[in-house]
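After this come two complexes, each holding chain A, first together with chain B and then together with chain C.
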Partner chain A sequence: MQRMYSKKIYILLFLLPALILFCGVLIAPIGASAYYSLFNWKGVGADMEFIGLANYKELFTSNSIGFWKALLNSLLLAALSVFIQLPLALGLALTLGKKVKGERLFLSVYFMPVLISTVVIGQLWLKIYNPDYGILNVFLRAIGLESWAKIWLGNKSTALGAVFVPTLWQYVGYHMLLLYAGVKSVPPELREAAMLDGATDGQINRYIVLPYIKPIIRISVIFAVTGSLKSFDLIYVLTNGGPLHSTEVPSTLMISMLFLRNRFGMGSAIAVMLILLCFGFALLISAIFREEK
Partner chain B sequence: MINNSKAARVFIYIGLVFWLLVNLFPVYWMFTFSLKSNSEIFGENVVGLPKEWLWSNYASALKTGNMARYFLNSAIVAVATIIITLAVALMATFALTRLVWKRRKTLNKFFMLGLTIPIHASVVPVYVMLSRLNLLDTYWALIIPYSAFSLSMAILVCTGFMNEIPREMDESACIDGCSVWGIFFRIIVPLMKPAVATVGIYTFLQCWNELMFANIFISKSALRTLPVGVQALSGQYTTEWGPIGAALVLATFPTLFIYIFLSKKIQESFIAGAVKG
Partner chain C sequence: MATVQLKNIKKVYPTVRGETKKSKKKGDQQKKSNLQITDEGVVAVQQFSLDIADKEFIVLVGPSGCGKSTTLRMVAGLEEITGGELFIDGKLVNKVPPKDRDIAMVFQNYALYPHMTAYENIAFSLKLKHLPKAVIDKKVREAAEILDITRYLNRKPKDMSGGQRQRVAIGRAIVRAPKVMLMDEPLSNLDAKLRNEMRAEIIKLRKRIDTTFIYVTHDQTEAMTLGDRIVIMKDGYIQQIGTPQEVFNHPANLFVAGFIGMPVMNFFDAQLIREGSRYFVEVGGFRQELSAEKGERLANNDVQSQAITLGVRPEHTDVSDAGVEARVDVAEMMGSSVHLHVNAEGRDVIIIVPTADMVGNFEMGEIVRFSFKGNVAHVFSKETGKNLEF
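And now, the complex of A and B:
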């Protein structure tokens, strides 16, 4: 069998479809994006003019493009995810992880929003935020807080927060599920031993469970940060970067460069930055967690 | 919960139930306003069950909004993507776990790069490629990229399952005169059913809900998928909420329906995808 399994022809045949698909759609485009980003190019069929790194120079220095603002917004969303969304998810996971009645029901309902299309969630929250008839303002008026009612998505100061809330609503369940799986994998002997030594629930969580699930926390942090850097769907549906770029993130900026302003070279430069940022942050977070060990 | 006081337990339950309602309420509200008229939604009956069940909202979403067509498109794209992803991933995993060659660990790591590459970053090159191949505005414009982006996760999950199949199975099949293809199709693939389910579910959700590619690579309205269709519909019906609600429900209903029956399996497939990566 060993001889049969070492034949080059089989190895090649079994790998070929995957290699073609993977390299053609994922790997080659990275190189292609880097290449296109060096050109002034109005789109498929148009002439390409080589301009070196001018797109990157403009991206980093031009105020009218607003790349820094977009980057800052996505980092702000990342920070909100890590410091609000994850602790909430962790709290839920720890609570559900210690045999609460109705555990399965809670878990399943909390996870449900993850399965709903982001477009649907976006449209639904558009209705929730609607200034006149949206459930949020209707509720605020009903309890006498008329002055709190706002044009949530149309106001520069509230728009980014208003975009974050549905993100939180959708993904808390996802992080909770991962962390819950981790909490459940803690060997019961460890818990029992700690309990016999008189540890409280809080102490068990702090000294037994958290160190045990650290690898999963690391994955959650990476997903939360790279997810925020990549965020597109929800923002596209809710505000499309507006008002006045107050919710602009790199991917909405990229799409408007490509299909509103026909600047394919510049759009590619943003794509390259997105890839670098995602890999950079993934490595950085891994390094931080390794150092703490 | 042994050393918790009763008060603390009640407090925890209040918290859990509160969060339960936070999760359920928007979905409940969506279901109810999909069956209401504007006058109910806008004041008479904001949060209650519909007084008059207005099924005509669904009729307008399906007919005027063309949701039936988009539903079919989404289903075609999803099914084709699942089949291609599974076929390609199972073959690759077989080569990565069973066949004997030097660089297979390196290649496995190479495939795992796909878990970090953002889908959005390849929009321009893939657009250019599809337009050169004359595939824009066909189902393939979505099926090919979706399959490619599902591949890393699929290989990851399949590797875990395939490593658990004992090698003695291969050996005895080999002694019985099975060829490599025979072992793959008759022995390995039938034993991979749990992996197939996990990958199938995960891939289905990814392509059922995807917006950016679907929005850019398809411009013919007859080929739109559900997310793009929902977006278009909400542009058409800016003031009438009922039909929009109906469209939202139509796009969500299949996934939630499957979730009710397969909640555990679906949750497992998300855990498998993340934790092993």
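And now, the complex of A and C:
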């Protein structure tokens, strides 16, 4: 066995299946996207024109593409996710982690939206937001706030907020489960020692539990930010980036470039930017957490 | 500094629905865990009454699952008390949360906060009290000085050895000058040498900080060396409370007799014979009169002649010309003495022979005779296992 491990060829041989898979489904498409982003190409046919970084230049300078607006929207979503969704998930995790009655039931209930197909959730929220029979407007009218009733998804000023609410709601349970696992991994003696040291529940959470689960909080923040940057499905179902690009995010923009406007090169450039952004933010968040350490 | 009174304390862990039936089926397992399962649930501690004086060092000792840690945790407030009353400094504290009991505890696995340095660990409770920084610093450094950990104060627990961690854990407890200091098997994670060192440290520490100690251990050596009084527990019940000398010299029952003392006490099936006010024990044809003191106690209890279990400690047996006949199995050379494992009256028996008294060596299969004096023979009831002198 020892001899076998020492021979690198065997190591490589056993790693090969995973390596092929990793390269085939991850590295190669990224490489291909980067390659196509340097061309002006419709996505079909051999009519490919090499234009260098022109797609990127246009992406950042052209107002009609709307990349900045899309990026800003996804950054806003990321900020809301970090500052509203995560604290909410953390609060739930800390509460449930304290042996609450019905702990398992609550866990399942909060996690349920993560398990449901996004399209189904989209349809559900479309019904909620429906201007005529949607429960939101019906409720507002019922309590005499008729003037507040709106065409939530069709109005430029409300569409973004209306799209963000279900996006944040859907993944609260996911982050809660991650953080809950962390809270549960805190050895009970640490809580007990802190209790005997005179700490209140709040102080135990602040001084013992939170520092203990910091690595998990970091992972959660990375997932929340990169997830927001990549957000696509729910927005696609609810508004498809509209009305008038008000809910556009880089992914919806990419899809429309690739398949509606047949600008495969530009779509690939957006894809590459998305990957770089996600990488960049993941590194930045890791660095911030490391610095605090 | 405080008195602690436990009055008829009981702890029952309610069984989860469906568990009772399962447990009843697994009768064997039930016996193994020494826990009693009743309709109320699993009984961990019962009828526990003890008055602990101010500044007393009490050791709770017993085998795993005897309820000693549960009792300690009830004093700390980490376990709810099912029945009975607990007083600290005369105040009923059954419902007082741990943080308001002014108690410090040292845990078996140290329970140091992993993200804090040793300094921060020790200072944590003082920080929560919002003491001025200078005061905190002074107290932490004093504690560190006592425990000789000043040079490790900036290290995190993961960068310290087991012994150092244990000192930090003790530092965290003493810095608060608590009313009662609780220790839950604090030395059991250390190796033998370090354990001996730390035991001596705890004795010194106790003199310096002068507070009430409740110490839990399964190690009878720790119990004997540290405790002012020892509480021996089994199956959730107190078996005996007494000074180390008392429990060693006058074990209340067979369990205590077997648990305290190393090597364990030898037991024989024997006869107790009463002749007026004099008592004799007879085993394997060897007859020994019990000391007057023992005889008096037995007479006071009006004990009659009967079949008994006789207990004699290995260190109280002497190889002699007359006595109980035994066949040598193994002779273990321990340096200052030889532990002679023999078979006598169908029982395995250990005789400790000081090497100074030895003439030649013992051979396997050799027949020897041993005797004992009348003041070191313990007579236990065959039925109840209780010491008939009590």
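Just so we're on the same page, the second predicted complex is superposed on the first by the 275 of 293 C-alpha atoms of A that agree within 3 Å, B and C clash if a C-alpha of one lies under 4 Å from a C-alpha of the other, contacts with A are read in each partner's own complex, and residues count from 1 in each chain.
One rule holds for everything that comes next: contacts are C-beta pairs under 8 Å (C-beta built on N, C-alpha and C of every residue); 3 or more make two chains touch, one makes a residue touch a chain.
Owing to the predicted nature of the structure, the values given are computational and were not obtained by experimental measurement.
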Chain C versus chain B on the shared chain A, clash or fit after superposition: fit
Per-residue touch tally on chain A - higher for chain B or for chain C: B
Examine A:197 and indicate which partner it touches, taking first as chain B and second as chain C; both and neither are also allowed. second
With both complexes overlaid on chain A, does A:62 touch chain B (first), chain C (second), both or neither? neither
Between chain B (first) and chain C (second), which does A:219 come into contact with in this model arrangement: first, second, both, or neither? first
Figure out whether A:110 sits in contact with chain B (first) or chain C (second), or with both, or with neither. first
Is A:207 in contact with chain B, with chain C, with both, or with neither (first, second, both, neither)? second
Once chain A of both complexes is superposed, is A:262 in touch with chain B (first), chain C (second), both, or neither? neither
Applying the document's definition of touch, where does A:189 land relative to chain B and chain C: first, second, both, or neither? second
On the overlay, how many Å separate the closest CA atoms of chain B and chain C? 6
Which parts of chain A are touched by chain B and by chain C alike? 195, 200
Seen from chain C, its contact residues with chain A in the complex are 76-78, 97-99, 101, 103-105, 107, 109, 111-115, 124-125, 128-129, 172, 176
Show which residues of chain B lie in contact with chain A when the two form their complex. 1-4, 12-13, 15-16, 19-20, 22-24, 26-27, 29-30, 33, 41-43, 46-47, 87-89, 91-92, 94-96, 98-101, 107, 111, 113-114, 116-129, 131, 144-145, 147-149, 151-152, 155, 170-171, 174, 179-180, 184, 205, 208-209, 211-212, 216, 226-228, 230-231, 234, 241, 244-245, 248, 251-252, 255-256, 259, 263, 266-267, 270-271, 274-275, 277
Per the contact definition, I'd like the list of chain A residues that touch chain B in the complex. 1-2, 4-8, 10-11, 13-15, 17-19, 21-22, 24-30, 32-33, 36, 44, 92, 95-96, 98-100, 102, 104, 106-120, 123-128, 132-133, 135, 138, 169, 173-174, 177-178, 181-182, 195, 200-201, 216, 219, 223, 226, 229-230, 232-233, 236-237, 251, 254-255, 258-259, 264, 267-268, 271-272, 274-275, 278-279, 282
Quick check: in the complex, which residue numbers of chain A touch chain C? 187, 189-190, 192-200, 203, 207-208, 211-212, 214
